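Lettered A, B and C in written order, each chain numbered from 1.
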Amino acid sequence: MLKNYFKIAIAVLKRRKFFTFLSLFGISFTIIILMVMTAFIDKVVNDTYPDKKRDRSLYINKMELRGKESMNGGAPSYYFLKHYVGSMKTPVKFAISSGFNSTNTYVNNRKIVINYKYTNADYWEVLDYKFSEGKPLTKQQIDNAEKVAVITEDMKKEYFGDSGTVLGKYIEADNVKYRICGVVKTLPITSYLFYADVYLPITVTKTNLMSDKGYMGNFTAIVLAANTGDVPKMKKEFDGIMAKVPIPGKEWDHVYSHADSYIQGYLRTGNETNSGMLYAITAVTLFALFVMLLPTLNLVNVNITRIMERSSEIGVRKAFGASSFTLVYQFIVENLILTFLGGLIGIVLSLVAMYVINSANLIANLNLELNFTVLFYTVITCIVFGLLSGVYPAWRMSKLNVVTALKAQ
Amino acid sequence: MIKLQNIQKVYRTDTIETLALNGINLDVAKGEFLSIMGPSGCGKSTLLNIMGLLDEPSKGNISIAEQPTGKFNDKQLAKFRNQKLGFIFQSYHLIGDLQVIDNVELPLLYRDTTAKERRRLATEALEKVGLSNRIKHFPKQLSGGQRQRVAIARAIVGNPEIILADEPTGNLDSAMGNEIMEILLQLNRVDGTTIVMVTHDENMAQKTHRLVRLFDGSQVQ
Amino acid sequence: MFKHLFKMIWNKKKQNSLLIVEILLSFLVIFAVFTFGLNSYNNYAKPMGIDYQNVWAISYNNTLKTNNGDSLKLFYDNMVDNIKAMPKVIDAAHTSANIPFSTSHMSTGLTHNGDHIQDVNSFMVDENYPKTLNVKLLDGRWYNKTDVGSKQKVIVINNKLKERMFGKASAIGKLYNDDDGKKGVKIIGVLDDIKFNGDYQSLEYAIYNRIDTSSYRWLGKILVKVSPDANAAFESQLYKFMANNLKDSNIEIEHLTNKLTAYNKFTLVPLIILSIVAAFLIINVALGIFGVLWYNINKRRGEIGLRRAVGAPGSSVSAQLVSEAMILATLSLIVGAFFAVQFPLLNVFDLPASVYLLAMLLAVIFIYLLVLVCSLYPGKQASAILPAVALHEE
């Protein structure tokens, strides 16, 4: 049965080449757009470099104070993290890092912009940066406030050129010289929780971190549970702590912060009333629907035209015992074959598109790639597309009266 | 075999009602070869479509092979047509995108038949109409007479009890027409298939067991 | 003739409805792209209001231990004077963090004659600000030494705000109440509009406050106008100077030209993505229209043959088919225009009505051209149908 449908589908495709081109163009183009979009989202939210232990981690990166008249949203302060989050019992590791700051340095009359980030010792144990040279910062180095740094491969290239090893050499940032003890793979800026060019010990900051007792600051914490089973417990413990955190001033009546999974934390806006997650999902869905709408309509249009052309075939099939249901089934299968063909072309073209986007370096170090997740979503898209554009024409086709269908020729 | 009782068919548009069939009563016996004649627009094709359950009468009862068909739903109708009826049309209605053999296999697709069995039955049917050497051709590579023979093979492949033919020789010259007629007569004689044929051609009609004439939707003979 | 065509379309409304919806959607897509594009172009065409070439922005954070406003002022004024004295520096000015092309914004509101104006950008600047950025003073005067210690709160506003508040009349000497509860703020000058959100963003309301001694604690930017020959070597010299003056501070020097390029991306990247997507959608729709028309004509060979047989010349047949397509387009555009006109009526997105209307006009022209192009070839093909052949097939 399916073999027969396949034969018919291929024959139909070959018959009106222009319409076939039209359908395939629409499908493959839609697939390209959706695939590039999925690849991008997948890269941004699903890439587990450098946080391989994501399933055991919770991220605390937003803090919000809310009063009747005003609200203040942003990252938490070092004091808040150290004092409140630091008192948690469940986590086995507690990584703290600052957001990245920019500064300049001047090498041989060349200006280099450096984004640097302060980190504690646990940061290097929670996260698995890929070292091409050297080692992470050690607890001892950090406790002793040694002027040491881990830099990225890109920074190494920019600062030192194509020289050999740079371990033990010095890099100057903010007028201070740091000895390099490790070189890691560069991250794209979209991984903003981990991105920096130079990673420094948290103890070498020029300001006294604990002196500011406010809750708002520029720090992020990652708490790591012993195993995935402890994560809900850890979340509960944090919520328990938040319930007891004193309100910092008369102008406020609520203080919010959350221990989030990576995606929740990534999308959190720092405003309780606006769920970043909801925004992101709505925006992505709307865009996808919008992009799919016109090609679908086009396909429906072309499909109907094609069906009318095949009225004799439909009449004959009905006369010889095909029920409406069988015909709908046949047509949808045919349409799915068409969409998958378009999807296949779309995948090839998406690879080209991703290659172009990667080489254009729109976002540095963000390399879009085709993986199984993306491929899986593409197949889903193809099916949705095939069904959407096939159901209405198939229904029209099955409703066709046999006598008129046979007469039409 | 086929029993029509007081069949009436009215076509309605916004403004006009046309009476296509008016009180037709007809009995076709098992193994009979019946032909229907009449001028253009007298309702003979409509009558044939109603017998073939492709069209519904506005009034009246049909029973085929002792079964009343009035209450069948879409699925039951499809199944019934598939098993009891075979159709032959004036303009052949072969599917251009399929090879001869696939065209013939078509009715079997809607039954539980294995691919091997389908192939065997279709080859057999094509042998009967003398086209076993054209299995892999496409319809457009065949002459009109050959096409109609493929259509006959398709009609008989499912071994139906009744074949309904709507002017099967209408598009053919007389030599080819006679050839087709011979095949139909043989089917009737040898296999005992009941055949109802609509025709324009008095000569063809004379070769059948019984002739019914229609005029303006009514039976005149 | 027109009535005849209309009748034909109406009788086939079911077949045509999908085509109409498709054209309608393409119109809306094109309308969106044109609105976005036109608005960006309109903004681009307006002058920037400042000379941003060779202007650098130094970021620092105040790390001085003292909280005494006067000694802070003394320290920072002295620092700016020293910067100005450097060889390649033309001018320098203290400002709040919301320098041109930065993502930092501060906004406030004010009330004038019962008219409450929201989303007014509030800047903290010093006396050197207009000279450093080379922005024109349109009316009144800029801050000077006489404003120090004056009881009357005075303010300089930008031109867009002035026009909202006073229209053509002069603003100088007029008073308003600000949202922080200060009554009777006196306007002393009107500064030319600055597109501080980059080339493609619209002008916004702005007020320029004079930096007072208490603000130095949290200020963190110095704008420096340098001569064109200032290079990285000089920049590093300036950096060293800052680092030595503010020992524990984080120092960064940025160029306004780079900041502008980065900021423009916020507008251009979405516009480019939207345009690419729209272009593909439109190609898709164009091919669709073309295909359906072409098919219809093949299907209507009999009708066309008959028309030719009763004496219609070939040109009239092709004109008929093209006109039919155009009527279809018109039907879609009427519905589309109904949706599009809601944007200026409901004032969605706060764009000028003229942008919407022009975008609508352009979109209408675009769709007509698209349909015309798509129907010309099928129409021409139809006119080549020979009546005898077509009728024989029937």
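Odds and ends about this structure:
Simple rule for what comes next: a residue touches a chain if its C-beta (ideal position, glycine included) is under 8 Å from a C-beta of that chain, and two chains touch if they have at least 3 such contacts.
Quick caveat: nothing in here was measured; it's all calculated off a predicted structure.
Counted as hops between touching chains, the shortest connection from subunit B to subunit C is 2. The chain with its Cα centroid farthest from the Cα centroid of subunit B is C.
With centres set at the average Cα position, the gap from subunit B to subunit C is 71 Å.
In this assembly, the C-alpha centroid of subunit A lies 62 Å from the C-alpha centroid of subunit B.
Centroids of subunit A and subunit C (each the mean of its C-alpha atoms) stand 28 Å apart. Per the touch definition, subunit A reaches subunit C in the complex via residues 18-19, 21-22, 25-26, 29, 33, 101-104, 106, 109-111, 113, 174-175, 206-207, 291, 293-295, 297-298, 300-302, 304-305, 308-309.
Listing the residues of subunit B that touch subunit A in their complex gives 49, 52, 54-55, 74-75, 77-79, 81-83, 85-87, 89, 91, 93-95, 97-98, 102, 105-107, 109-111, 115, 154, 158.
Of all residues in subunit C, those touching subunit A in their complex are 15, 18-19, 21-22, 25-26, 29, 59, 63, 231-233, 235-236, 239-240, 243, 247-253, 277, 280-281, 283-285, 287-288, 291-292, 294-295, 299. By the touch rule above, subunit A contacts subunit B in their complex via residues 1, 3-4, 7-8, 11-12, 15, 312-313, 315-326, 402-403, 406, 409.
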